[in-house]
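In what comes next, chain A is part of two complexes: it sits with chain B in the first one and with chain C in the second one.
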Partner chain A sequence: MVLFIIFCPIIAAILIMVGMPARKTALAASVLTFLAAGFLLASFGHGQSGFQHVTSFTISREWRLSFTTGIDGLSLIMVLLATIVTVAAVWFAGAIERYENAFYACLLFISGGAIGAFASIDLFFFYAFHELALIPTFLLIGIWGSGNRAAAAWKITIYLAIGSFILLLGLILLYQSVPAASRSFDIRALQTAASAGQITADAQRHIYLLLLIGFGILVSLFPFHTWAPEAYASAPAPAAMLHAGVLKKFGLYGLLRLAVPLLPEGARHWTNLLVILLLGNIIYVGLVTIAQKRLDWMLGYSSVMHMGYIFLGIASAGILGVTGAAVLMFAHGLSIALLFALAGELRQRTGTLVFDELGGLAKVMPFAGLAFGFGAFAAVGLPGLANFAGEIMIFFGAFKNGWVMDSFHIFQIATVLALWGVVISTVYMLRAYRKMFMGTVSERWKQLLDLRLALRVPVALLVGALLCYGFFPQSFVRVVAPRFRTYLSANR
Partner chain B sequence: MMRITAPELEIAVLVLGMVILLVETFATKIDKRILAFAAIAGLAIVLLASFFVAPSPSPDQATGFWSFYTADRLSIFFKQFALVTTIFVLIMMADYAPVVRRSFPGAAPQSGLGEFLTLPIFTCLGLMYLVSAIDFVFIFVSLELVTISFYVLVSFTRRNPITLEAGTKYLVLSALSTAFLVYGIAWIFGVTGQTNLYRLTEALANPAINHNAALLGMGFVLVALGFKIAAVPFQIWVPDVYQGAPTPVTAYLSVGSKAAGFVVLLRVLQPFLVLPETQRLVVLIALLTLIYGNLAALPQANLKRLLAYSSIAHAGYLLIGVVCFDVRAVSFYLVAYLLMTLLSFAVLIIVAQQTGEEISDFDGLARRSPFLAFAMLIGMVSLAGVPFTAGFLGKFYIFYAAVLQRQVALVVVGVLTVGCGFYYYLKVVRAMYWQSTTNIAKIPVNGLSRLAISALILCTIWFGIYPQPILDALKR
Partner chain C sequence: MNSLLPWIVLLAPLVSAAVITLFTRRWKMLSSSISIAAVLVSFICSCFIFAHGTQGAAEFMWISISGVFQVPLGLTLDQLSRTMAVLVSGVGAAIHIYSLGYMRDDEGKARYFAALSLFMFAMLGIVLANNFVMLFIFWELVGFTSYVLIGHWFYRDAAADAANKAFITTRIGDFGFMIGILMLWMATGSVVFTEVAPQMSTLTGHPMFLTVVALLIFCGAIGKSAQFPLHVWLPDAMEGPTPISALIHAATMVAAGVYMLARVAFIIQGSQTALLVIAWIGTITAVMAALIATQQNDIKRILAYSTLSQLGYMVMAVGLASNDAAMFHLFTHAFFKALLFLAAGSVIVMLHHEQNIWQMGGLSRKLPITFITFVVGALALIGCPPFSGFFSKDAILALAYERNTPIFAVALFTAFLTAFYVIRMLVIVFFGRPRSDIARNSRESPPVMTVPLIALALLATFGGFSFFARKFLALPVEREVAIVVPALAIVALIAGTGLAIALYGNRATEPLKDLELVRHKFYFDEFYNWLIYWTQELLAPVSAFVDRWIIDACAVGGSSRGTWGIGALLRLVQVGNLQGYVFVFGLGVVAVIYFAVFR
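Right, the complex of A and B next:
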C-alpha cells in the first residue's frame, strides 16, 4: 500500500511524459493516491509507536542499505498532507499553455518524491527522494514562473543544493557515528543504537549542527530564508502549493525524525542557538512581512515566518510542544496551499497582486473571498481551524518545555516574544484581506467572475480538512503522539 | 573452454588495429566508416572475452614479464573501462566523420578518415597496458603510446587554426610533462635502486635511504601525472586543448586518459604513503583543483570549454578519493564520470553539427529534439550530482570516505563547490528547456547513436540506483 502511494504519482508522471493525456492522468493518479492514503489512515493501528506496513528490498548487503518503506503516525500524517495538497494542486493547475505534459509530470514528481521521503525508513532513500522532488521544483519555477523567474530559480537552486549537501554530510556522519558493527542506513537500527548510547555526545553536537543547518536551509530558517519569498512569488501556483505546503515540511520532518530522537545531547547543546534563530523567523521576518505590498511576496514571507512556530515546538522537546509542531506542520501545509492557490487564481484573473490596485473583490467573487478568509484566519490561528490547535500546543509546550533549565529560562522569554508573532500575523493577514476583498470595487474588476464550480472542489477539500482537524485535533494527536512519547521518554 | 590470460587481450587489440590499418591502406574504395564499425565489433569481442579472464592477485615477488605487468582486479576492471570508452568514442567518431571530411578541402573525399578511426584502437591498447603497469619503465612506455597517438588525434583536423593551436599546446606541454616523469623516475631509481612499485615499497621502508630525495622524485612524477589528470596547477592546457580538439577526441582525452592517469596515480602513490608529506601534498592539489575547476567553470559560455573546466573540477573530487586512498570510491566515480561525460559529449557532437558549441546554441533544444535534450538533462544532473544518478553515488562514496577520515577542509570545500556545480550545469538545462529559439528545425539522430545514448542514459540511472555490480567487480 505504501509502495503504491509512492510510485503511483511517479509512474503516472512517466506515463505523462511518454504521452498519456496530461491532466486526466495526473488527476486520476492524485485522487487514487489520496484515497489510498485515506485507506492507510483508516487501517492505521492506533497506539502503536513502531512502523507499520513495512516492506524492504535489499540494495547492498555490505553497506546495509535497503529500500525500506513504512509508516508511523508522523509519516502517515505527512503522507496524508502530501496527497491532499497534490489533489488540490493538480486540480488548480488547469490548462497550461507551454509543455503541458512536462508541467504535470513535474507536479507528480514533486508529490511522489515528497511521499517517498516521508515514507522511507532508510536514510539514503529518505534523502534521495527529497532531492528527486527538488529538481522539478527548480524546473517549474524556471520554466513556468512569472516575474523575475530566472533569478528566483537560480537562487532556490543554489541555496537548496548547498543545503542538501550539508545535510548529506550530516547524514553520512550520523551513519558513521555508530560503531562499525551496528552501522546501518535503517532509521530503526540507528534508533536502537542511539538509545543504547552508542553515539557519543561530541559526535551528537557536530551532527546536530550539520543537520540543523542543512534542514534549516531547506525549511528557510532565519537567516537562510532569503530564497523562499522570491521563489514562491515567482512560482506557478501549484508549484508554490506543493513546495510551501509539502516539500518544505521535509526539513521539519527530518528534524523530528532524526535530529531530536537520535541526537538528544546535540539538541540540548544547540537549543539556545535554535531559539534565537527561530525568533528571527517570527519577529524579524514577521515585521518584513508587514512591509510587503504584494500578496505573493507577503504569502512567501508569511510562510517563512510560520516556520518559526514549528521550530519552537521542535526545540521545546516536550511531548506537548513536539505534537503541536506536527499538528501545525499539517495545518500550515493546508492553509498555505489554500492561500497560494487563491493567489494564483487571482493573478490569472486580474493580472496583478499589488494590494493598492485591488479592492472590493468580495463583492464580485464572494466564494473566493470566503475561502481566502478561511485561509487567512487559519494562518492567523483563529480557534476552530487546525492551526489554532497546533499553535496553542506549541505555546504551552514551549512555556513548560522538556529541558531542565537554569535560572535564565530562555524558552519563557522566547514564548512571550513568539506570542507577539500572532499579533504580527494578524496585522498583515487582516490588512491584506481588507485591501483586497473589502472596500469599493473599482471599474476594472466589475466583470470578474467568481471561482467555477469545478475549482470549488479542491478549495472545499482544503477548508474541510482545516475545519475537521480544527474541531477534532484529538483525532490527529492520537495518531502522532505515541511516536513522540516513546522517544521523548526514552531520552530522559 | 579455453582459458584466456590478460596479456592476450592486449595482443588481440593490437592485431585488430594492425588488420584495420592494412584494410584501410589497400581497400581504398570502401566507405571508411565501415572500419569504425569493424573496430567497434572487434573491441566488443575483446570486451566480452575480458570477462572470462581470471584476475590474479599481484604477487610481491614476481619475475620476468610479471614483474612489470599485473592482472589484478583493478587492472582487469580498467581494461574493460578503456574498451567501453573506446567503443563509445568510435561511435561518436562515426558521427563526426563529415566534419573530418570537410576539414580537408580539395583532398580525396575520404582522405584522413581511416587513420582517424584507427588511432583510437592503439590508444586503447596503451590505456590497457597502462592500467596493468606496476613498473616505472613500463608505465613510461605505455604512457608514451597513449600520448603519441593523442598528439595525432588532437591536431587531426589541422586546417582549423584552433585545432592546430590545441595540437601544438598539447604536444609541447605533454612533452614537458614526460620529461618531468623521466626525471622523477631517475631520482627515485637513484635513491632506491628500484623501478618496480612493490620492491619500491620495501626500499622506502628502509630508514637508511634518503627520504627527501625520494620525495623530490615523487613530486616530479606527480607533476607528470597531474598533467594527465588535469589537476591544478598543471591544468593550463586543458581548456584550449579540449575546445580545439575534434570533439570525440576531447571526450576520449577527458575520460580515457584521465581514468588511466588516476589508476597510475593510485599505484604510484601507494609506496609513497609511508611518507606523511605525500598526503599533505595531494590534499593541497585536491583543494586547488576543486576551487579552480568549479570557479572557472562558472562564467563559461562555450559548452566544450565548460566541460573542460568541469573535467578539472571532477579531477578534484577524484583526488579527494585518492587522498583517502579509497580505490573503490575512485573507481566508481570514474565509471560514473565515464557515463555522464560521454553522454554529454555524444549529445554535443550531434547538436554542434547543426548549430554550434555555445550554450546559447542549445536554446530550445527540448523542442527541437526532446530525446537529445533529455539525454543532456540526465548527463548534466548526473554531473551536478543529483540522487538516482551515478554521479550522485560517486560523490556520495567520495564524501563518505572523506568524512570517515575526517578530511574537514576537503569536505567543506567539496560541498561548497558542489553548489557551484549546480549553477553551471543547470545553465545548460536552462538553455535547453527555458529559453526559446527561432530555429525549430528538428535534429536527426541516427540509429547507432540513438542506441548508444539510450544505453548511457540507462546505465547512468541504473548505477545511480543499484551500484552493487561495480562495487562487486572491484571487491578484493
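Right, the complex of A and C next:
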C-alpha cells in the first residue's frame, strides 16, 4: 500500500511524459493516492508505536543499504497531507499554456518525491526522494513562473542546494558516528544505537548543528529565510502550494524524525540558539510581513513566520509541544496551500496582487472571499480550525519547559513573545483581507468572475480537513502521540 | 437524554449555522427560519434545564495526552450558568425575531442569520464551558462572529475598518488572557475550573504570582468587555446592523467579560491588589464613558458609551469583591440595554437609517410604541425607581459606599452624568419639533419589531424586583446601609435630569460648544492611530529593509556571487541554463554520496 502511494504519482508522471493526457492522468493519480492514504489512515493500528506496512528490498548487504518503506503515526500524517495538497494543487492547476505535460509531470514528481521521503525508513532514500522532489520545484519556477522568475529560480536553487549539501554532510557524519559494527542506513537501527548511547555527546552536538542548519535552510529558519517569499511570489500557484504546503515540511519532518530522537544531547546543547532563531522567525519576520504591500510576498513571509511556531514545538522537546508541532505542520500545509491557490486565482483574474489596487472583491467573488476567509482565519489561529489546536499544544508544551514558580526562563519568555506573534499575524492577515475583499469595489473589478464551480471541490477538501482536525484534534493526537512518547522516553 | 440536553442547547445553533452556510444560502426566508428555530430550541431546552436544575452533562475529550495535558469538552451547570443560558438564549431569541423585520430587505440576510447562529453557539459555549481552554476557544469564536457581524456591510469602508479594529483590539486582551491561563495551568496542572479551585490554597503562598495571574486573566475581560484602555473598539462596532449592537455589543458578548470574572472569582479574590486594580479600571471606564456620552450626536454611539459606562459599573462591582452585585446589574442591563438598542433601531429604520439625533425630534407622536418602550429603557438605565436599573445600580453604589469611598464618589458622579446624557438624548429625539423632513414623515414600525420591544420593556420594568430576580440569581445581601445611598442616588438623578431638560429643551443645535476634549473622546483614537502609524510606518519597513538589503543582499549576495562563479563554470561545460544545472546538481549529489559513503 505504501509503495503504491509512493509510486502512483511517479509512474503517472512518467506516463504523462510519454504522452498520456496530462490533466486527466494527473487528477486520477492524485485522487487514487489520496484514497489510498485515506485507507492507510483507516487501517492504521493505533496502539503500536513502531513502523507499520514495512516492505524492504535489500540493495547492498555490505553497506546495509536497503529500500525500506513503512509508516508510523508521524509519516502517515505527512503522507496524508501530501496527498490532500496534491489533489488540490493538480485540481487548481487548470490549463497550462506551454509544455502542459511537463508541468503536470513536475507536480507529480514533487508529490511522489515528498511522499517517498516521508515514507522512507532508510536514510539514503529519505534524502534521495527529497532531492527528487526539489528539482521539479526549480523547474516549475524557472519555466512557468511569473515576474522575475529566472532570478528567483536561481536563488532558490542555490540556496536549497547549499542547504541540502550541509544536510548531507550532517547525515554522513551521523552515519559514521555510530560504531562500525552497528553502522546502518536504517533509521530504526540508528535509533537502537542512539538509545544505547553509541553516539557520543560531542558528535551529537556537531551533527545536530549541521542538521539544524541544513534542515533549517530548507524550512526557512531565520536568518536563512530570504529565498522563500521571492520564490513563492514567482512560482506558479500549484508549485507554491506543493512546496510551501508539503515539501517545506520535509525539513521539520527530518528534525522530528532524526534530530530529536537520535541526538537528544545535541538538541539540549543548541536549544537556546534555536529559540533565539525561531523568535527571529516569529517576531522579526512577523514585522517584515506587516510591511508587505503585495499578497504573494505577504503569504510567503507569513509562511516563514509560522515555521517559527513549529520550531518552538520542536525546541520544547516534550511530548506536548512536539505533538503540537506535528499538528501545526499538517494544518499549516493545508491553510497555506489554500491561500496560495486563491492568490493564484486572483492573479489570473486581476493581473495584480498589490493591496492598494484591490478592494471589495468579496462583493463580486463571494465564494473566493469565503474560502480566503477560512484560510486567513486558520492562519491567525481561530479555534475550530486545525492550526489553533496545534498552536495551543505548542504554547502549553513550550511554556512547561523549564518552569519554575515565580520566575520566567527562556521558554516562558519565548512563549509570551510567540503569543504576541499571534497578534502580529492577526494584524497582517486581517489587514490583507480588509484591503482585498472588503470596502468599496472599484469599477475595474465589477466584472470579475467568482471561482468556477468545479474548484469548490479542492477548497472543500482543504477546508474540510482543517475543520475536521480543528474540531476533533484528538483523532490526530491519537495517531501521532504514541510515536513521540517512545521517541522521547528513549532519550532518557 | 438528560445529560445530552445541555449539549442540544449548545449545538442547535451550530447546526443551524452549518446548514445555512452549506445548503440554504440562496433561500433567505428558509435560512432565517432555520436560525430562529435553532435559537428557540436552545431557549426552550435551557428553560427546561433551568426549571429542573439539571446538574450533569456528558463529557468528551478534546485533547488528551495522558499524564501531560487534558482538555475535556464538558459543561458547567450551576445556578450562574443556567441563568446566563436562559438570559442569552432568551434575549437572543427576541433579537432573532426582531431581525426578521430589521433585515427584511438585506441582500446578505442568509449570511447574517448564519453568523447570528454561530454567535449564539459561541456565546452559549462561553456560558457553559467548564475549563479555561474551552472558555478561550469560545471566547475567540465570539470575537470572530462579532467581526463577521460588525462587518456585515463589508462593502462600506467604515464597517470594514470597525470589524478589523474590534477583532485586533480584543485579541490584544486575549494575549494576556492566554498567558494567565498558561501560568495557572503550570501552577495547578489542570485547566478545569473545578480542579483548579481546590488548589488555590497552594497558590496563596505566592501572592505576587497570584496577582499577576489574576490581572492577566482580567486582560481578557478588558478586551472583551471594552474596559479602559481597550474600550475604543466598542463605539466603532456600532457600524454593524442595530440588532447586532443590541445582542452582541450590549446584552451578551460584552457582558462575557464580567461573566468570566464571576466564573473565576475564586482566583481574583485571592489577591487584594488585583481586586483594587480591577475596581479602579471599572470606575475609570464608567466615568470616562459617561463623560464622552454627553457630547455624542449619533444615537447608537450614545448608547454604546452608556454600555461602556454600565460595564464599568459591573467591573467595579467585581473589583469590590461582589459577584452577586455584578451579575445582578448584568442581568437587568441585558434587558434594558437590548430594549434601548432595539427601540433606537426602530427609530433608525423608520428614519431611513438616519442616526444623527439632531435630525430627529418630535418622534413621540409618530412612533408611540417605540417612544414608550424607549422611555422605559431610559428610566431603567438612569436608575429611576422602581425600574430594574434602580435596584441593581443601588446595590453597586451601596457596595462602594461601604468599601471604598473615593470609588463611591466617582460612581455617584457617573450616575449624575448618566441621567444627564440619557435625558438629553430623550429630549432631543422625541420632544420638540421635528428637525428634518424624514422625521416629519416617519411612522411606527411593524409588529415583528414592536412585539419584542414590548416584551423587553416588561422585563426592564420588573426585572429588578427581588421576587423576580431571586429566581434567577443569588441577589446581593441586603445591607444595613443608611438611607443615604439611595437618597444620594436620587438626588444625582434629579440633578442630571433637570440640567439636561434646562439645557436641551427646545434646542435646535448643541448649546455646549467648548468641550473639545470630551467631544474627541479624550483623544484615545488619535493616540492609538499615532502609535499604530509609527509602528507600521517605522518599525515594519525598517525590518523589511534589513531583510531585503542586509540579510538578503549582503549575506546571501555573497554566496550568490559565488553562485555566478559556478554558473560561469557550468557555462564552460555548455550547460548554462537552469535545467542543465539542476541535472548536474542531481548527478553531483549522487556522486557526493557515493564517494563519501561507499568509498
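Here are a few things to note about the model shown:
One rule holds for everything that comes next: the second predicted complex is superposed on the first by the 485 of 492 C-alpha atoms of A that agree within 3 Å, B and C clash if a C-alpha of one lies under 4 Å from a C-alpha of the other, contacts with A are read in each partner's own complex, and residues count from 1 in each chain.
In the analysis below, a residue touches a chain if its C-beta (ideal position, glycine included) is under 8 Å from a C-beta of that chain, and two chains touch if they have at least 3 such contacts.
Quick caveat, the model's predicted, so the values are computed rather than measured.
Touch criterion met: A:I172 reaches chain B and chain C at once.
Once chain A of one complex is fitted onto chain A of the other, the partner contacts of A:I59 are limited to chain B, with no touch recorded for chain C.
In the superposition on chain A, A:M438 contacts chain C only, with no contact to chain B. In the superposition on chain A, A:I121 makes contact with neither chain B nor chain C.
Once the two complexes are overlaid on the shared chain, A:Q474 sits against chain C while remaining clear of chain B. In the superposed model, A:L299 lies in contact with neither chain B nor chain C.
Contacts of A:I135 after superposition on the shared chain: both chain B and chain C are touched.
By the touch criterion stated above, A:I392 is placed in contact with chain C alone, chain B being left untouched.
Within the superposed three-chain model, A:A161 lies in touch with chain B and with chain C [touch as defined at top].
Put simply, chain A uses residues 127-128, 131, 135, 138-139, 142-143, 150, 153-154, 157-158, 161-162, 165, 168, 172 to touch chain B in one complex and chain C in the other. Listed in rising order, the residues of chain A touching chain C in the complex are 63, 124, 127-128, 131, 135, 138-139, 142-143, 150, 153-155, 157-159, 161-162, 164-165, 168, 172, 175, 223, 226-227, 284-285, 287-288, 290-292, 318-320, 323, 360, 362-363, 377, 382-384, 388-389, 392-393, 395-397, 399-400, 403, 405-406, 415-416, 419-420, 422-423, 426-427, 430-431, 434, 437-441, 473-474, 477, 481. Partner chain A is touched in their complex by these residues of chain C: 61-65, 68-69, 133, 136-138, 140-141, 144, 151, 154-157, 160-161, 163-164, 167-168, 171-172, 175, 178-179, 182-183, 185-187, 206, 208-209, 536, 539-541, 543-544, 547, 551-552, 555-556, 559-560, 563, 566-567, 578-579, 581-583, 585-586, 589-590, 592-593, 596-598.
The part of chain A that touches chain B in the complex is made up of residues 59-60, 62, 99, 102, 127-129, 131-132, 135, 138-139, 142-143, 150, 153-154, 157-158, 161-162, 165-166, 168-169, 172-173, 176.
On the chain B side of its complex with chain A, the touching residues are 366, 381, 384-388, 392, 396, 399-400, 403-404, 411, 415-416, 418-419, 422-423, 426, 429-430, 433-434, 465-468, 471.
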